[in-house]
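First, the structure itself, so that you have it in front of you.
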Amino acid sequence: MNNRKLKIGIYVGSGYGGSELLRILLFHPNAEISFVTANEQAGKAVSEVHRNLVGLTDLKFIPAPEKTEQLSDLDCVFLALPHGQAMDVVPSLPNHVKAIDLSGDFRLRDQDVFEKHYKQQHTAMQLQSDFVYGLTETNREGVRHARLIANPGCFATATLLGLAPLVAHGSLAGRVIVDAKTGSSGSGAKAAANTHHPQRMNSFYAYKPFTHQHVPEIEQELDRVGDWTNELVFMTHSLPVARGIFASIYAELKNETTESKLNDLFTDFYRDSFFVRLVKGSPDINWVKTTNFCDIGFAARGNQVVVFSALDNLVKGAAGQAIQNMNLMFGLDEKTGLMLVGTNP
Amino acid sequence: MNNRKLKIGIYVGSGYGGSELLRILLFHPNAEISFVTANEQAGKAVSEVHRNLVGLTDLKFIPAPEKTEQLSDLDCVFLALPHGQAMDVVPSLPNHVKAIDLSGDFRLRDQDVFEKHYKQQHTAMQLQSDFVYGLTETNREGVRHARLIANPGCFATATLLGLAPLVAHGSLAGRVIVDAKTGSSGSGAKAAANTHHPQRMNSFYAYKPFTHQHVPEIEQELDRVGDWTNELVFMTHSLPVARGIFASIYAELKNETTESKLNDLFTDFYRDSFFVRLVKGSPDINWVKTTNFCDIGFAARGNQVVVFSALDNLVKGAAGQAIQNMNLMFGLDEKTGLMLVGTNP
Amino acid sequence: MNNRKLKIGIYVGSGYGGSELLRILLFHPNAEISFVTANEQAGKAVSEVHRNLVGLTDLKFIPAPEKTEQLSDLDCVFLALPHGQAMDVVPSLPNHVKAIDLSGDFRLRDQDVFEKHYKQQHTAMQLQSDFVYGLTETNREGVRHARLIANPGCFATATLLGLAPLVAHGSLAGRVIVDAKTGSSGSGAKAAANTHHPQRMNSFYAYKPFTHQHVPEIEQELDRVGDWTNELVFMTHSLPVARGIFASIYAELKNETTESKLNDLFTDFYRDSFFVRLVKGSPDINWVKTTNFCDIGFAARGNQVVVFSALDNLVKGAAGQAIQNMNLMFGLDEKTGLMLVGTNP
Amino acid sequence: MNNRKLKIGIYVGSGYGGSELLRILLFHPNAEISFVTANEQAGKAVSEVHRNLVGLTDLKFIPAPEKTEQLSDLDCVFLALPHGQAMDVVPSLPNHVKAIDLSGDFRLRDQDVFEKHYKQQHTAMQLQSDFVYGLTETNREGVRHARLIANPGCFATATLLGLAPLVAHGSLAGRVIVDAKTGSSGSGAKAAANTHHPQRMNSFYAYKPFTHQHVPEIEQELDRVGDWTNELVFMTHSLPVARGIFASIYAELKNETTESKLNDLFTDFYRDSFFVRLVKGSPDINWVKTTNFCDIGFAARGNQVVVFSALDNLVKGAAGQAIQNMNLMFGLDEKTGLMLVGTNP
């Protein structure tokens, strides 16, 4: 591409997904934000809502543009809307505008499965087949050529990055159990009972047993990556931290293995994937917080394997991955603007 | 008193004040709960809302009784209502029923001051003079003979317990600065923006500079305890813990002092006060959490003094102190039912 | 028993296990503490180390008694020593003194297994057969008649209470996976790298994959409770809270089941167990913190089952359960002194 | 300067100060790290100690160079050593090498004051007069021309940035009280009793009343900025967060003021200071964490003023400010490499 900066629209920048898109895109060397929308917050300065950005931007939130013409200058839009709203926006985008949807609207190929898990009707299912599931590490070529991206869910990203090498390699036997834990920012920027600080700070609990809406996108993508015929038991839990997902993935392999063999297999699979870091022993959400990395470790005993996967739900699990996809869609190095360095402590 | 158990009514037991009243009164040897009210939660089991109490009570929340006759069997009611609602309930109580109001409705003698700080009209000001300000340690005799108690605010309790000995002794010169900090449960059981876990867990900030509604009750009570003519600068801050208030109280004395002299003065003042513990160096909210203790420490340099005061905002700062007052009002040992032992860690 | 109070000795009361024994036993109506030992802290007041106990006890820590005669007045000792030290103390106890060991020294029947997992020699293995494994809920009669109790590990307690009904009922098919998480107090009262606050507060990570020392005691007890021939995959993780264990237990049953059937089975198994509370949906460590309760919930899909188990690692997982055992060993109601009420928040 | 990158040496990169120097300097466009030392960790990969840096650097820790010749290629060293060790290193630096000392060794002009507060002898006091106190915002020109910088303490930075405008303007009357609070990373990377997670997570307490070692550097610098003859009462407290300092500064002014007048005064003083952000109401440590910003707010009532100052103790309070100083010393824009963007949440 030439040196012209990509013109970006962000639909709903007032939530946590939008917050992270803004944090990254404001300093992305090849992008400039044309507009960022909000609902109740429209009219306010971005830095009044995201006070981390005071002194760093003069942008104001606007209401969502009503006419397609207003979008004609854009190169790319990010849709960080609540589930069920991207399906209203995408059909009205000009054809030349690429779109990356962070919601669940276009992740699932099967309308019935969508409606069962999201408990709403789908009104633009005809567009689904134009969407590419944007897990960069398993579908880099698909992403590069996509106009429309369905950005994976945070739990799905952690789970898929842990399982994909084993599925691609045909290693699995028997059911797979995923014990996944998320920080409180996964519930969004609006205060709610389950994120009320006095209780959450001392809490750990499970929720949505067996039925989390990320299950079908995990199985759909595993089936694309390899031959997935296993049973998936998927359990989500809430952690008393702000950011981070940790998945403990329990799998039985067809053959006995060792950590060294697993390391070879994962190293090979992620050879070109800067943002996947293989670590010795267990990863820790502390080392990936605020970054686009997914850290993966594992242990083996005979043919029993556990894979540990840790990422920041708002970055590699949402906004960071979305921008990683944007980079590829516009011919940029996938790391551009994403050298977000974590901190110790 | 004889062995009959006191019959207790709790107005609104679904908040955090009510939660702590229930935790303590359910196991109080001389009390039994006749009813506990709630609004939206009426009809639910108490243990469905306060899941710590599963297996410990079969009580259900009821709507507030509408007729005075329904209260005729009671000995005492606790009012843990939002500010402005106790003034509706108290006038309709039968004369023999004692009442302890945890809200700010009846703490202030001056109607204008009340209306300025609570931003609402007072509709039962004629009852104020029947209320005794229930800081047990500064007004034990008053409490013993009261029918109606205005239970002090949490910040007021921490501040008053730190300042009362100095004011009673006439030691102070010049303005007093109180830098007070509270845990998130001080904002109540309803989720709100300032208690949203992803932000609160890493936050510390000030709020309501100079204007906190506990200021006038502090000054009013100091004036009763001694000769208070000083300027009070009072600043409240939010801590990222669930429970606890810590007040750092900066005072100038008329004469030079030492920690040893301060210790004598405070020891003397609190000779009969089991729930005030004088500690060497600084107290720590960790050591008083879930208990009815207020820990106090101090340091001196010349005539500059700082007093540190730490308590649990929901216990000594609310429900525990209310029950301490009830004990005295009914001729019981003030410690009855209040041997709540803290934990390490 | 008559009204004489039991005379209790505590070996090492300066750690967190000792801290909780003291908190409970100081207020136990049928017990009095004859002595509590410490090493570096010997000579100090108990309340200087456990500052929650200021004002509540005048006890001082003493060095461990050197002569058996010094123990002749005792009824019971609690051994809250580091692993490997109870085996030195128990042989020298007078015969009439009962003992409850909170360490791992006498839990395992097989010397090789002990030495493999604890990485030290066992010097008093001849006494092991006199020890009863003290999980009250699975072995109440055994505990009642025991002189020596091996108190279960915290992870083992959470796991066994979740699995015992299924094993006793012969329901299980296939391997069982336990994804267990613990708060930082599980690492003890001494500061260490993995409990350094700046890192721990944002951390979640796995440790000791497959090899935790509680695995053999879990399998040994399951084998006693029923017919345990399954494979156990056991994984421990670290949570950024002070207190609490949460175990997610994944099991395959021989037959399809429902939550209602599971509820019947668990209700029946725990009919006499006050300290096990069955909850709808998931338990939460927030509701059991500082208490002796273990809250259990479950979910089912076909013959896939997940059992969630939550307890306080220092109470039901250590000191509380130890005192529950003491109560039974001396003919008391098992709840005596253990009505520790949790708090909301 | 030309495009040659500055060659940097870091003395002790294994602590938290070193961790942050590495995080920033590894991506600084005009700097390259020639070496980074460690003691016990010498020989290890930097990313083994700072696991946030896995995949981002191949640097290894080395022991401190023993010979001056080994330093001849350097442009600048950062000394992130424990107090008392920089005084051994600085005298042996080649004359052309600039140095920025993050410890307290060279901040104080008066040897007696140093020895009283740091409780050790000073062995290189003759060099003190060559050091410039590196609070960029109050001494930008001094920093530009310095060869040796004494980088301010974290508490001193927060306090000085809040007070300097008032002192420079001659506004103050009477004593000043600073109630300062710090996160746990201020205690360093080594585990210790006061940063033990199970206790710290629920703690708030005061320490070192009146005697903190940052007091003399605050007074010394205020005296340089203006006419400082006031009494300073300085109190430090510990917060249960990893990062952040919040100072509440209570001052009496000679004249009545308003928030608007204060805003004018501070705006004028910090006109050229990108890293000081004036905010409405109170700042919050949450909005400055991991950044080089100091956020300042204030409130006034008559001639009583409170200034609130919030920064990240490891960045603006240590490593970030050190690099800000380096930038100026080498003719770079002070923001270079320091556009560290905070996050919401």
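Annotations
In order of appearance the chains are A, B, C and D, and numbering begins at 1 in each one.
Here, a contact is a pair of C-beta atoms (placed from the backbone, for glycine too) under 8 Å apart; a residue touches a chain by one contact, two chains touch by 3 or more.
Please read all numbers here as calculations on a predicted model, not as lab measurements.
Ranking all chains by how far their C-alpha centres lie from the centre of chain B, first place goes to A. Here A-D and A-B are compared, and the pair linked by more C-beta contacts is A-D.
Distance from the chain A centre to the chain B centre is 46 Å, each centre being the mean of its Cα atoms. Chain A and chain C have Cα centroids lying 40 Å from one another.
The distance from the centre of chain A to the centre of chain D, each centre being the mean of the chain's C-alpha atoms, comes to 36 Å. Touching of two or more other chains is recorded for residues 16, 185, 189, 198-199, 201-202, 240-243, 284, 286, 344-345 of chain C. By the touch rule above, chain A contacts chain D in their complex via residues 16, 19-20, 23, 26-27, 50-56, 185, 189, 242-243, 274, 277, 279, 284, 286-288, 290-291, 293, 295, 339, 341-345. Note for the complex: chain A touches chain B at residues 16, 183-185, 189-193, 195-202, 240-243. Residue ranges of chain B in contact with chain D, taken from their complex: 175, 177, 179, 181, 198-199, 201-207, 209-210, 231, 233, 235, 237, 239-244, 246, 248, 250, 252, 281-286, 289, 297, 299, 301, 304, 306, 308, 310, 344-345.
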